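Chain lettering (A, B, C, D and E) follows the sequence in which the chains are written, and residue indices restart at 1 in each chain.
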Amino acid sequence: MSKRHLLALFDSFDEAGEAILELRKAKFKGFDTDHDMIIKSPIEHPEFERVLGPKPVHVQWFPLFGSLVGCTFLFILVSGAQANFFEQLKGGKPIVPIPINLVITYALFMLSGVFFTVLGLFVCAGLPARRVPLYTSRVLDDQIGVLVKADEATLPAIKAIFTKHKAVEFQEEAGK
Amino acid sequence: MTLKIKDDKPFLRDTSKMLWDGEPAHAEVKDMSPHISFAQITSDVVNSLENPRPIYWWAIAVCVFMIAVGVACEVYQYRTGLGVSNKSNTNVWGVYIASFVFWVGVSHAGTLLSALLHLTHSDWRKSVFRYAEAMTTFALMTAGLFVLVHLGRMWQVYYVMPYPNERGVWSNFQSPLVWDMFVIGTYLTCSSIFLYTGMIPDLAVFRDNIHDGWRKKLYTFLAMGWQGTDRHWRNFRVAYLTLSVYLIILAVSGHSVVSSDFAMSQQPGFHITSFPPYFVVGALYSGNAALITVFIVLRFMFRYEQYLNMDVLRKLVRLTFALAMIWTYLHLIEMATVWYGHDTAARDQLYFKATGAYAGWWWLFNFLAIVCPWVMAFRRWQTNLPVQMVLSLLLNVGMWLERWMIVAPTLGHSHYPWTFDFDQWPSFVQWGILFASFGWFALLILIFCKVFPAVSMYELKELNYARKVEAHHALVGEPATKGAH
Amino acid sequence: MSIANLLQNWSRYRDTHPYGGAKPHMGYKWAMAIDMDICTGCNACSVACYAENNLAVVGKEKFLNGKSMHWLRIERYWHDTPEPTDPLQLTAYTASGAGKHFPDQGAHFLPIMCQHCEAAPCETVCPVGATNHTQDGINSQIYNRCVGSRYCLVNCPYKVRYFNWYNYQDPATENVWPEPLNQQLNPDVTVRSKGVMEKCTFCVQRLRAVMVDARTEERLVREGEVQTACQQACMAGAISFGNMLNPDSRVGKQWIEQGVNIALDVQSKNEHVGDNTPKRGYRILENLRPYPSVMYLEQVRESSV
Amino acid sequence: MENNFNRRDFLKVLGWGGAAVTLSACGNTSVENGTEFVTSHSTEAMPEYAIPGVYVHFNSTCAQCDGGCSIFGRVREGRVLKLEGNPESPINKGKICGLGQAALQAHYNPDRITHPMLRKGDQGETITWDQAFALIKDKLTGVEGGEVAFLTGATSGHTGALLKNYVDALGSAKHYAYEAVTPTVVRAANKKSYGVEMPRLHIDKARVVVSFGADFLGAWVSPVNFTQQYAKFRKGSDGMRGVLVQVESKMTLTGANADRWLCIRPGTEGIYALGLINALGAKGFKVPATAATIARDYTAERVVQETGVSAEHTEKLVAILMQRTPSLVLVGTAAEGYAHGSENAAAITLLNHVLGNVGKTMVYPASVPFPQIEPKAGGRNTLHALSDDMKQGKVKVLFTYGSNPVFTSNPSVEFKENLQKVPFKVVLTHYRDETAMEADLVLPLDSVLEDWGSSVPEYMAETAQINIQQALSERLYPETRGFGDVLLALLKQRRPAEYDKYEDFYAYLRNAMVTNKVALGASSGTSDDIFWRDTVSRGIIKLPATTAKVSGKLAAIPSLAKLTLPNAFAVDEAYPFHLIPYTSAHVRDGRHANIPWLQESPDPITTIVWDSWIEIHPTTAIKLGVVEGDIVEVASRSGAIKVMVYVFKGIHPDAVSIPMGYGHEAMGRYAKNVGSNVFKILDSIFDRETGELALHETRVKVTKTGQKVRIVKDEGPYGGGQAGKRIALRKTTDKVNLSKEV
Amino acid sequence: MHRIFLNSIVLLVGLFAATASFADSSTAHDGVAPSAGNAAAAAAVEKKGFIADYDNIFIVKGGPEAKPTTEIKPLEWNWVDKLFYNPMGWINSFTDQLGPEVEQPIEFPHDRHAGDPGKVNPDGKTGDGINCMYCHTFARRSLTAGIPPLRKCIGCHQNIPSVRDTPRIVKLFEYWDAGKPIPWKKVHDLPDYVRFNHERHIQRFVFKQERPYKEVCGYCHGDVASMTVARRQRTLSMGFCVNCHKKNHSLDSTYTKAGHGPNDCFMCHK
């Protein structure tokens, strides 16, 4: 059975939230709110987390990994370079000075951390993303969009729930 | 009644003619109205980019002229040698290094507003942090130029980079200048990334609102397909928060390393352990002063009266005053430790600053940087635009002088008495390049504000939503919850 | 490099100059001693240095602006009344013109050049490693590596480094060697271009020439085989220079005799008996711990006249 | 196979290649594309011994001053790169002063004259040497020998002999030997007192040296030798470090090195010397009766009053003079430069007799047994004589060599004006100096590094010696000639039979030496070639020492009984200050002013470079209302100059001092318009006995002009204080034993 | 441009290489310390007995007692070094190192003079097997190898009538008759701030180690005996020198007779 997209636009976070809550309770067949529903909003709205249920975020592991790898790598690079370039003696300082190398190491600790954070964002958020169907610029402007993907059969029921919660507009994928 | 993010009350843009909330036209906008709609914010920002006041183009012209002056000076200096900048073997550094530190300092305010205040959930930062963040990046770029200008052989600057080369030679990792290169490079890279990352949602709005031309392509590319889905926002929040943390560390370590350029040397007057905090706070202080200047300019130039409003200015000014006081304390502490310390060379040095060839400038800087900010303590002047404009410029001059007073008289009075007290007045080349740096910085800011959202739309919308919630709760008589954010 | 190399030789890489364990300079440690009792301040050494090392004569205006290039400068001090050490008093003292009080016990001439510090403050701060410590204890300056950050000069306690503010051999602008003056230029010494730092090298071109000969003959350089230009010119013989590790060397004997140890920042002779020691050797600004390689011998003035 | 290679090509290419030791700004691209030319390093033109990249050392003699130091040149690829002292020479023992080092820049000076020049109106026209000699011959015809005059600096050696021959050949032509600064009066006084003009000094053996204005470490007689002796003197023997007391009105370099610098009222040096004799007698020292009689009137009170030297210091000096023997008393430029200079010098030499130093620390000098090559020197009195002759039109042809009288003459001589009355003036010189600007014919000389010659030093350090001056390199400019070559060419015009056999001066010199090889110490069996090669490679011929002794007897001194000294000067209201022209160790009388190294080498005392200055005592400065850097007008009865003020306590409040040798109006890019010429304000007051100009006798007034400059000096604005740091340390003690030191 | 490109590639490769160097510790050992070479190096250090005497200087003066020097393993260049720490030197060994062709005033046939007498040159003649230092005579006693004087050419050629009329020899005699040196162009030219010492290298390798001169000279100059006009065969860049000087070079090098080139910058740049 083919699946189709439906986008409902709301004016209010509360209304959208209630609609989602009801949708989650309704448990339509072939419609999993965790995977088949996407909320789009112009601002981040933490209340949605309550209605959407637990959605773990894994971005933070990227900087941890990046920072550790980055600083280790740089420490070895710098120490190795110093050991390799040992004709460059410095009076009063050892050839491989640890406190000094830590300063530079610290810089790369953060640089690679930042790189990996952004990498983590892109990986976890799925950026760069292709446009999903039924995109409207209004969800970045001043409306809240709830995009669902469901069997054709269930769509009217879903739509009914949206209408009940004062969805101001619907957009539907054209039928196959 | 549910709270709608769209507001049906008409918002009249033209504040010069009309009122909102029933106040007279000449009144200043005190705070952002909760009645303003999200779409209004979008259209305001988009429109302001399209139609700045004509003075914008004049400003661009002035900037270009300033840059031309600096380029001419630099070409002359490049061809003839650094001698034309009128330094000497005693005063080997001069305006260039002072300006380098100054510009690195300016960059710190952006980080403070965007990263530190982000962590502390300070809502008022939301309208100013974007251009502040841009200032961070551009100030660092300007600072980098001073490094180049300062070098005796700038065409060999790549020797500083540690890269595997044919000669089998590496740069000296023990040198604070190499740390500088690492840390400032990291800071610049990371602040650019931070700026860009924070801009992604806004770029998506631009992508949707601008329909043709190269800018459409640019925004489409840069927005990376952002659609504001819950997954996007969720990860974005964590990533942005993480970046903020990194940026704060970077800002602190960055300027600490810059201070170590001085503090790591044996030069009395530089060789002070309190330099890192002193530099960091001084940077925040001078950066905030610069922020106020840019605030006033942008507010006028791009008609941002609604968003860069008096409430934000007041908070900025108060923050600046607080930082000025912390800085004053550290400044006095620094002098006091020198005073009570056993290092006679450093004491001698301090006396030289206060009484020697640079005494006039030293006292002027002390007046500008310590006494002048007290004007900011007075509520009636905190939102007085002309006063704040002049004041912020004076503070900037004062803080530039502070850097110059760290560099010039200190070098003129080191350990070795034979070379004491050379006072070398910088030549027009040094002044010209300093002059140009302001033009360069301003030009970058102006171009940025014309091309990218100078105020953050999504954060403004968040702020606006929070206000709406407050207003709503006030209306229905419920206590406002903290859940708005 | 490899991790293996790093780990295997780790202890060696952690050695420091000069007070660490093993000595990085084996066989050679060039050092100098200057007897200021017989230095008359005649400037012959300085002119010899100009001749040997292709130093630029910068002219009146640039000299005035502090751009002079004398690697070896002779400083003249007056000792009339002891100067106050407290800065506040000192400021008043200098302001009153008392600092220029004339001594009837003559002047004090101090030839000062790069001190070739064993823990040189300039070396660690050079971003590109243009100034290093050679294994024979010289503070090297590699002109073609220098990018001109001038940090070394900032960090030099003695201010004996000199920066090329102009292109002194550029025929178009600042030519200080007009034809045929340039024919005198020493081909063993690079003429520095604009934007690089330069300083006394202990006449390294002479040192390296004899060291190469000595290597060919499989021996070490003998005492007296090499002289620096200033030493060779000094009429009073106030400057002695040589390999301190050579037991025959005059300079090494002088250091030992004067009780000055290169690896200490407070000499034991000063520790125990204060400054009243009959020994005259001292190093300038020793308390900053650069461990300079040039020892000065105090001037003596007869008190019975 | 003989072949004449063009040496110029060779030198040009080498010079180019060698001078291209510049630091290029390129990155690591190392090899250029064959654009540089190289040439066969060893051509026919280049001697076999010259290996590119390897230094060859040639011995020669320094001619920068009359000290006669032997030098060797480090020569590489045909270019002299560095001069060092020749260790063989007893005078300088392998050392060389800054002035000597700078001979290089005299050689490579960009302002040297490269061609003979003939005056054409205000311009000079380049001519050939043949034309020049023909012209001279032409001008000399019909001129009586007595109407030809030679004005030279000090001459000696074979050029001196040739000059004498030429002067003779012209028939009673006159030779005026003239040095702007020369110890003529001291020589005369020495001659009277010791029987020799310049006794050999044993500073190193003295335990106390009392120097009356003799700047023997700076610019007096033979500074290189004296500095070396001084070093030994300071170390001392038997643990007794030598004590130096300098008595003078303006601190010289020697004064700056003294254990006690006694600032004395100008002109009262003789009084002080006699006062010392009196004080010695009073302390029980055995003073000969003659001396005691003369010194009887110079009581301690009078000495204090007249000289301004405190009684305390005099007492201490007397005590140490009695305690430590032998001592040495020197009389120098500052004491002799007065109208009563001879009396001053006589009084001071008397002190030496009293102290019993004669024969101990001053001994009979060696001399060369060839009178024709002995040094000939003269003071300013010869210049006056010449100028008078010119004024009266007695001089028809004038040759000048090795001196710059237009620059160094004092105004009353009116040398420049009188020079106009000479119909034909030939100037042999290196630069277009002031005298050359007045010349009709300018003949460019070889630099001393290109020229052959011999010289006999005026001051012999140990044994007698003849110095050989060897050409260290090819001529830089092909159209220059040595003085000897010019003389020889001129002599060939007069005495062809005698001189045509010599191709050039080198041949003459070689012949003259080789002919006398036995007298010069070679065994008769030595072949000429070997003798000559040895001589040239040693650069010096040492002759056996003489056994004569200086006279130590007071009775032998004529006119001693008549020795009286005038009282201290009365203050001249109109011109209140004594002017002390100061001989700078570097620029001397101005002949070295065009050497950039010397101009940039700071004056040791004031550390001023590239300028002249007037030293004024602070109290005087306060009186005049001037501070450092003010430009003042210094006016004497003869003229006025403007000069900047250096406030300095090392000068008597009644005196001001200006260095000589600055203020050139011509000469070259480095000398021109640097400072002011103090010669231009010297009054014509002469020593009563010798007729020499009394250099220190001029009185001046100083007026503020209101202009101000920043003084260019090495000392920073801090003023040379030590800020309480341990920079330059000094022990003030009489209990050190340096003689055991390494 | 291609160098920059290569450099950036190498930088990326280097990232992996550094990671690989973790695992390198065992394999690198083979490259680092071949037992025979090590023993020789140790023996070389031991033979320098006089250095032990100098050690006492510090003790006499009351300085800190010297620890016995830990003998450092001589550095060998393993693939990590080549790849990561001096990749350009490594890449250069694959690229064309030939210098530009230099047109000389007289096309001097090196092969005819220095070539192997048994080998037939392209022009159909054999070489004369003349030692390089017969003409470049200063190489063993001076910094510069020197271009032979024209006299040297003539010295032989006036006695070789058979080639007297060939164009090159005619030209040679033209210079000789005009008394002008031949304006040879420089083929091996180092920047002015580099000072290479021919003497030391010839003394060491030809006279001490008695290696064939062709090998010694040819190490930098290539097989000149097979060329007519000499052409640069190596980059002669700093890496070329440094790589060689690093071989068997230990940190404790004295300037006496250790088995490696000196490594401090002042040796060539001064």
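Throughout what follows, a contact is a pair of C-beta atoms (placed from the backbone, for glycine too) under 8 Å apart; a residue touches a chain by one contact, two chains touch by 3 or more.
For clarity, every value in this text was computed on a predicted model and none was experimentally measured.
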Which one chain sits nearest the middle, judging by mean Cα positions?
-> C
With centres defined as the mean of Cα atoms, the chain at greatest distance from subunit D is chain A
Dominant interface by pair count is C-D
Identity of the chain that, by mean CA position, is farthest from subunit C = A
Roughly how far is subunit B from subunit E, going centre to centre by Cα mean, in whole Å?
-> 55
For subunit C and subunit E, let me know how many angstrom lie between their CA-based centres, rounded off.
-> 34
Which whole number of Å gives the spacing of the CA centres of subunit B and subunit C?
-> 44
What is the distance in Å between the mean C-alpha positions of subunit A and subunit C?
-> 62
Two or more other chains in contact with one residue: find those residues in subunit E.
-> 21, 75, 81, 84-85, 191-193, 237-238, 251, 264-265
So subunit D residues touching two or more other chains come to 21-25, 28, 53, 715, 718, 720-725, 727
Give me the residues of subunit B that touch two or more other chains.
-> 90, 153, 156, 165-170, 172, 174, 178, 344, 348, 415-416, 418-419, 422
What residues of subunit C sit close enough to touch subunit B in their complex?
-> 62, 65-68, 73, 75, 85-88, 90-91, 112, 121, 124-129, 145-151, 153-155, 157-159, 161-167, 173-174, 194-197, 285, 288, 290
Provide the residue numbers of subunit E that touch subunit D in the complex, in ascending order.
-> 99-100, 102-103, 138, 141-144, 146-151, 154, 158, 176, 179-194, 232, 235-238
Residue numbers on subunit C that touch subunit A, as the complex places them = 1-3, 5-6, 9-10, 12-18, 20, 24, 117-120, 123-124, 129, 132-135, 139, 289-291
Please give the residue numbers of subunit A that touch subunit C in the complex, ascending.
-> 76, 79-96
For subunit B, which residues count as touching subunit D in their complex?
-> 90, 153, 155-156, 165-167, 344-345, 348, 357, 415-423
